[in-house]
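A, B, C and D label the chains in the order they appear, each numbered from 1.
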Amino acid sequence: MRHPSFHHLMTFTFSALVGFGFVMNSPLARAQEPGISATEITVGAIGALTGPLAFIGTPGRDGLTLAFNEINERGGVCGRKIRLQYEHASSPAESIAAVKKLVEQDKIFVLILASGSTGAAAAADYVREVGVPTYNLYGSTPIIRKPFSKNVYHGAIVPVEVASLGLISMFYDGGNAPKKFGVLAGTYAFPQATLKAVEEALKVKNINYIVEQFDQTARDYTSQLVSFSRQQVDAVLFLGSFSEAGFAIKQSRELGMSQIRWVLDGSAVSRAIIPIIGDANGIRGYFNTPAFPGQTEAVREFESRLKTLLGSMPQGRPNNYDIIGYGSAYVVALAAKSTGCQLTRAKLLDAWSNLKNAGPTQLGGLDITFPESFTPADHQGNYRLGAAIVKNGVWEVYRVLEKP
Amino acid sequence: MSDKRFGFAGLGPTVFILICLVAGLALDSYPKYVLAITIISMVIGVALVVLVGLGRCITLASGSVMAIGAYAATLSMVHLGVPYAAALLLAILAGAAAGWLIALPGTRFRGHNLAMVTLVFQSVCIILIREAKWLTGGAEGIRVPPPSIMGWRIASDSDFLIVIGVLSALIVLLMTILVRGPFGKNLQAAAGNEVAAETFGVSVPGYLTAAFVVSSAAIAFAGALAAPRIRILDPDSFGVLPSISMLAYPIVGGMYSVWGGLLGGGGLRVLPEFLRPVADYQELFFAGLVIVVVMFFPGGLVELLRRGSALVFVRDAKRGSAPIPAAAASPIAAAAEADASQVLLRVEGVDKHFDALHAVNSANLMVPVAGIHGLIGPNGAGKTSLFNIISGFLEADQGRIEFGGTSLLNLRARDRIRLGITRTFQHVAVFGQLSCLDNVIIGRGRNAVFHSMQQSFEYFIDGPGAVAARREALVALQAVGLVDQAHSLAAALSLGDQRRLEIARAIISEPKLILLDEPVSGVSESEVEGLRQLLLRINAERNIAMLVVEHNIPFVAKLCRTMSVMGAGRIVAEGRPAEVIAMPAVRQLYFGEESAA
Amino acid sequence: MLAELGNILIAGIKFGAIYALAALGLVVIHKATKTVNFAHGAFAMLGAFGSFLIVVHWQGPYWLAYLLVPILIGIIAALIEFLILRPLRRADMFTVVIATVFLGIALGEAFRLIYNTELLAVPGMFVGAPFVVSRVFVTKETLWVIAGALVTALACVMLFHHGKIGRGMRAMASNVRGAQLCGYSVDRVYMFAWFLGGALAGLTGVFVAPITGVSVELSIAVITAGFVAGVIGGFDSLRGAILGGLLLGVVESLAAAYVSSAMKNCVSFILLFFVLMWRPEGLFPERVARRV
Amino acid sequence: MIALRVTDLRVAYGQVVAVHDLSLTIEAGDALVLLGPNGAGKTSAVEAIVGLLPKRRGKVEFFGEDISAMNTSAIVRKGLALVPQWRELFPTFSVEETLIAATTAADKREPKSLESIYDLFPVLQARRQQLAGSLSGGEQQMLAIGRALVANPKLLLLDEPSSGLASGVMRTLIQAIKRIRQSGVAILLVEQNMEIARSVGDRCCMLAAGTLAWQGPMQEAIKHDEAARIYFGDTRA
């Protein structure tokens, strides 16, 4: 540096900035159980609020918020209100930072992961060491589930091995027998995880198939579709988001490939796919809850409550992330309640591991998710999927895919 | 200005990181973690100062380079069982190789095309990582094993903070040494004024390549340090958007100093932690911040703080200004007649065409040893073309140019300094971002990339070589009367003083010949005479020959012993100034035919 | 096999026509003002969003979107020129590139904040069964996009090369001082060039909305494709931009079909790389008169 | 009627002062020559007058109107045209299109017909469709003058029209400039070349090192050998 005074100032300023921030934010250690006070239970959650994954994190936050508001209006759990502390995090690095903040600084009682697969995976890796009760809502990759950990639970999203079997079974619904399978998969994280499981399942079943891939947010599927057409594929399994699925299907129609039976991965099953395709009747896919928005009274009521909360309803919502967020909030509340209000983390883990049929209805919420059950050896709360189909321009769940 | 330097200044950034590290050890686990990745961002910020700030190269490939480091280290640990320390070294090598690869096309482009070339590298790299599933785990990511160094398993937050802090401090120290030493100065010179840089042996492509290699190696190292801390590597974490955010580090912090990189990288990484309550708006906030900085504070935060500190602390500008004893100031007006038989520069039959224009038409010229020769002529006479041919910036179609018996044809401009030819420029070409002292030091030549890197260490410890260089430079500055300004930025000088600085830079290498390109153009009347005296004195004291192209004929006439007059590409007259000016042919050249009568 | 190739080529030309329009806007701004607008993709995204508002949100007629959106985005672009680029006119290229890069990010994020959703779908202007000619399928929508985008692009080239206002921009592109001496005002011509570039971006957005939907990613997709197409064609040639766009679309399609669908983007980047290295002036540069 | 009045004009590039406090006037219909060696600041002065260079200080009035703060296009539209030293043509424009482009500068005044330009320089008519970049140096200079004339200016600034031209072409140019003057257009000619200066100008201003060194009738300038002194300095000493 040119001037010593400047050099000192610089060192001083920056150290002060760093030091000040952290000291101010670090509370004194409390003797109490973390996240529990006489009037409040603090629940932490992470998910992306900006960037390309915001479409998962934002509905997650909204669903959780709606459910906790309802619970609190009814007096809360164990005489305490539930406070949701939601932190933005997208990449693995951000996820770890956010989780550390929640666990170590905000002293949350329970952690909810509402982020995409890789972020959740990095965070899960950390919480396994810390032991904070953690609830993974949306992460589907095996990397989160393995190795088994007694403080990590998984909710509505089923493991890819289960989902892939459910997906394949839907091709045979209504007495259909596909001659040749095509798999159209995105090159990014979660489609790749599902692809791996699907390929294994197809191989086991000795089914003849071909795979084509596309980049995230791809909009031109002509070459992949032409390849399917060349190989006379009559059944396509789509692994990707609704927008990608929508444009792929739209283009298949434009290429005259109207005989294909489409089955979509859960992340692609959304209302927003209909306006892209236009006539979407007959398209199938699984949904993570027993009813599609609009299908039952309960879901319609959910939609109107969510709309009240948000002011207006963005296009394509509520989606499965909203609904899962809502249902999962109730599961957390039930787990807390079933400790007999002995609110310690150890008791919570015990109680959670023995929860049966947990869901919103047990606490007076709306019946819109599959009830979740856990055992000490199996922390996957739900194995069921709703097989959905588009009829008259709307999605509806036509049967429930049970655990294979 | 004293010969003494401010000793520990260069250690500042390193010490600062170590202070962060030590202070961080007392903190909770969360701030420890944030501090660790903040320090990593600081390293990236510093690395980008080298490339973006000093080298003025835009890069959108930082994300992929970081990924290369992170994956190189992780994959070698996972698949080959390489220990962490060796994996870090591998990451540096991989980063350097990546930098070199980007530089291959990268040094050919500036601005938006460079942005595009780096974007190509970035995208292709990420696609390859994603597609090589068998190796990298593909898009789902790969778990990074917990590292250990010499049997010490790095597991706790403190362990990580120590490893990251110490190694980052080390790499920042290396970068500081390079940035502050001749390497950094020459790089800035190369990016600031290519023509002038080449004249003094600074190879522009060489330095830009080095900038890519050095900064990429450091970014890759940062990636390798970060890998075990972020536990899961996946290609999307190193995509285009992170690359763009990293580009903001040096811009927001301040592009020209190590502090700027530290402040930008650290500040932008730690800011989101403070912005958590308004997390939805943070990306918008960042983008807005960068736009505001480029529009209103081009110097970044560092410049802002510097101005702030100037208000708080009174600058002790006069510190240690003990001038070198004045040399005997005795301009020798009646310079010795040059020995005309000894020819230094001989130009014979040089021809140059630009399409149909015959710019130089078999021109002959001769400059004797220690002589001063002038070249004048009306606009468009071809003086500049001839001058550029002699200085190596233009190729002749035909003819011979010999300097002390060696042919100058086919010799690059940057190689002429070795023979003892230097020059000044019509449009002053000082390196504005550098101090006068550093400007002059570049004039010593010996500016090959590796040499300047070695020299940077020498300068950092203020070794004998550095002291000698500084002394030589001060002597040269004194010769032109600028010794008091040695530590001012060249851009801050008056035009006349910038001309003097150019002369100091041209004479420090003790050349045999200086090519002076319009040395008084634009200089105020009062400074012209001073410059003339200066040139005469330098010629007399150092026996340096001069070739002067100038429009100001009275000035040339008084300065030179011989001169040539050019018109329409030909040399029309030659001889002593007074004789030449009186020639009818010359009058005709300037005033048209009738006045010659 | 031939039908297959036909289908692939038509898809390539459809996207190529869009790329051409995107590249054209970039080139118009660059040619007249020597600025590369990295926020161009964000302008197109705003255009697509405008089309969503008019067609879906307010249920307006489609032609209104084609009419209003380009004007609106043009005005926004001209405003940005006035507020951000004009103060930076004397700054170096480096600063300007950085400013427009982050401007693009800022616009994208602003959109995301307003409409927090993954994608907004916009219906096509035409519906109905495709035409079939020996197993080659062409929808009305595809025809409309190809014809509409190319006709607008050609009209723009005509305006630029023969119109009065285009003459001003070309004069400015050719020689700023000379243009001023002919009575053209730098401020006005620059602002108009940005307006025109913005309008082209807006139009790109309206054309592309039914094909891609409206999302933040659209902005990166458009700027990348537009830039690559521009460089391939010759960054200062309007005709080159159109040809470059079409070429890029077709090459991408063929590569995805016959090389590897996962490597589609790689191929376009490799094409760009080779053009930059071996023909930096582009494949279809403007003819340049010698002896200036 | 005073066509142009320049008062205390100073032009500088950064720290380089190119023109020091220059004052001069041109009567309507008059012809003034600005002489001086290279680097004397002549070009800077005329470029500052038409607004191509920023003025540090000083005032420029055109037919009584203060145009100091206007930008180039506005000044040109007032009827003050410049033929710049480097011609600044548009190489990709044809001759005809160049002339049409310049009609913009006529603004609300009536532009001159292209025929009148072709009448002045018949060779341009022959080259009507040729690109400006492909013309010879002399033709380019004619086109540059034609371009300035199309806007029907009241004052024409010519910056070294002779530079780089063969003597035959120069004579054509001199004739043309004389004709332009006869049509009532005032002329400010910047020259190094005495021959042209003499055949066009009545009055003469000499610049040296950015300042006005001498002014007076053209004949005086030659008789008193003023030019030689300014160009070559006092070399007898």
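In this text, contacts are C-beta pairs under 8 Å (C-beta built on N, C-alpha and C of every residue); 3 or more make two chains touch, one makes a residue touch a chain.
Just so it is clear, the model here is predicted, and its values are computed rather than measured.
Shared contact partners of chain A and chain B are C. Centroid analysis (C-alpha atoms only) places A farthest from chain D.
The geometric centre of chain B is 37 Å away from that of chain C, both derived from CA atoms. Mean C-alpha positions place chain B and chain D at a centre distance of 41 Å.
Chain geometry summary: the mean Cα position of chain C and that of chain D are 42 Å apart. Remark: chain A and chain D have CA centroids separated by 75 Å (rounded to whole angstrom).
Among the residues of chain C, those in touch with two or more other chains are 109, 262, 265, 290-291.
In chain A, the residues touching two or more other chains are 50, 52, 187.
Here the touching chains pair up as A-B, A-C, B-C, B-D, C-D.
Chain contact summary for the complex, chain B toward chain C: residues 56, 58, 105, 108-113, 115-117, 119-120, 123-124, 127, 131, 240-241, 244, 247-248, 251, 280-281, 283-284, 286-288, 290-291, 294-295, 298, 355-356. Considering their complex, residues 6, 9, 12, 15-16, 19-20, 23, 27-31, 33-35, 37-38, 130-131, 133, 138-141, 143, 226, 229-234, 236-237, 241-242, 257, 259, 262-263, 266, 270, 272-274, 276, 279-283, 302, 305-306, 308-310, 312-313, 315-316, 487 of chain B touch chain A. Put simply, chain D touches chain C in their complex at residues 50-52, 71-74, 76-77, 81-82, 84, 87-93, 97, 100-102, 104-107, 131-135, 147-148, 151.
Residues of chain C touching chain A in their complex: 4, 7-8, 11-12, 15, 56, 109, 112, 115-124, 127, 130, 132, 135, 137, 139, 141-142, 211-213, 215-217, 221, 252-254, 256-258, 261-262, 264-265. Chain D makes touch with chain B in their complex at residues 13-18, 37-39, 136, 160, 163-164, 192-196, 198, 209, 222, 227-228, 231-236.
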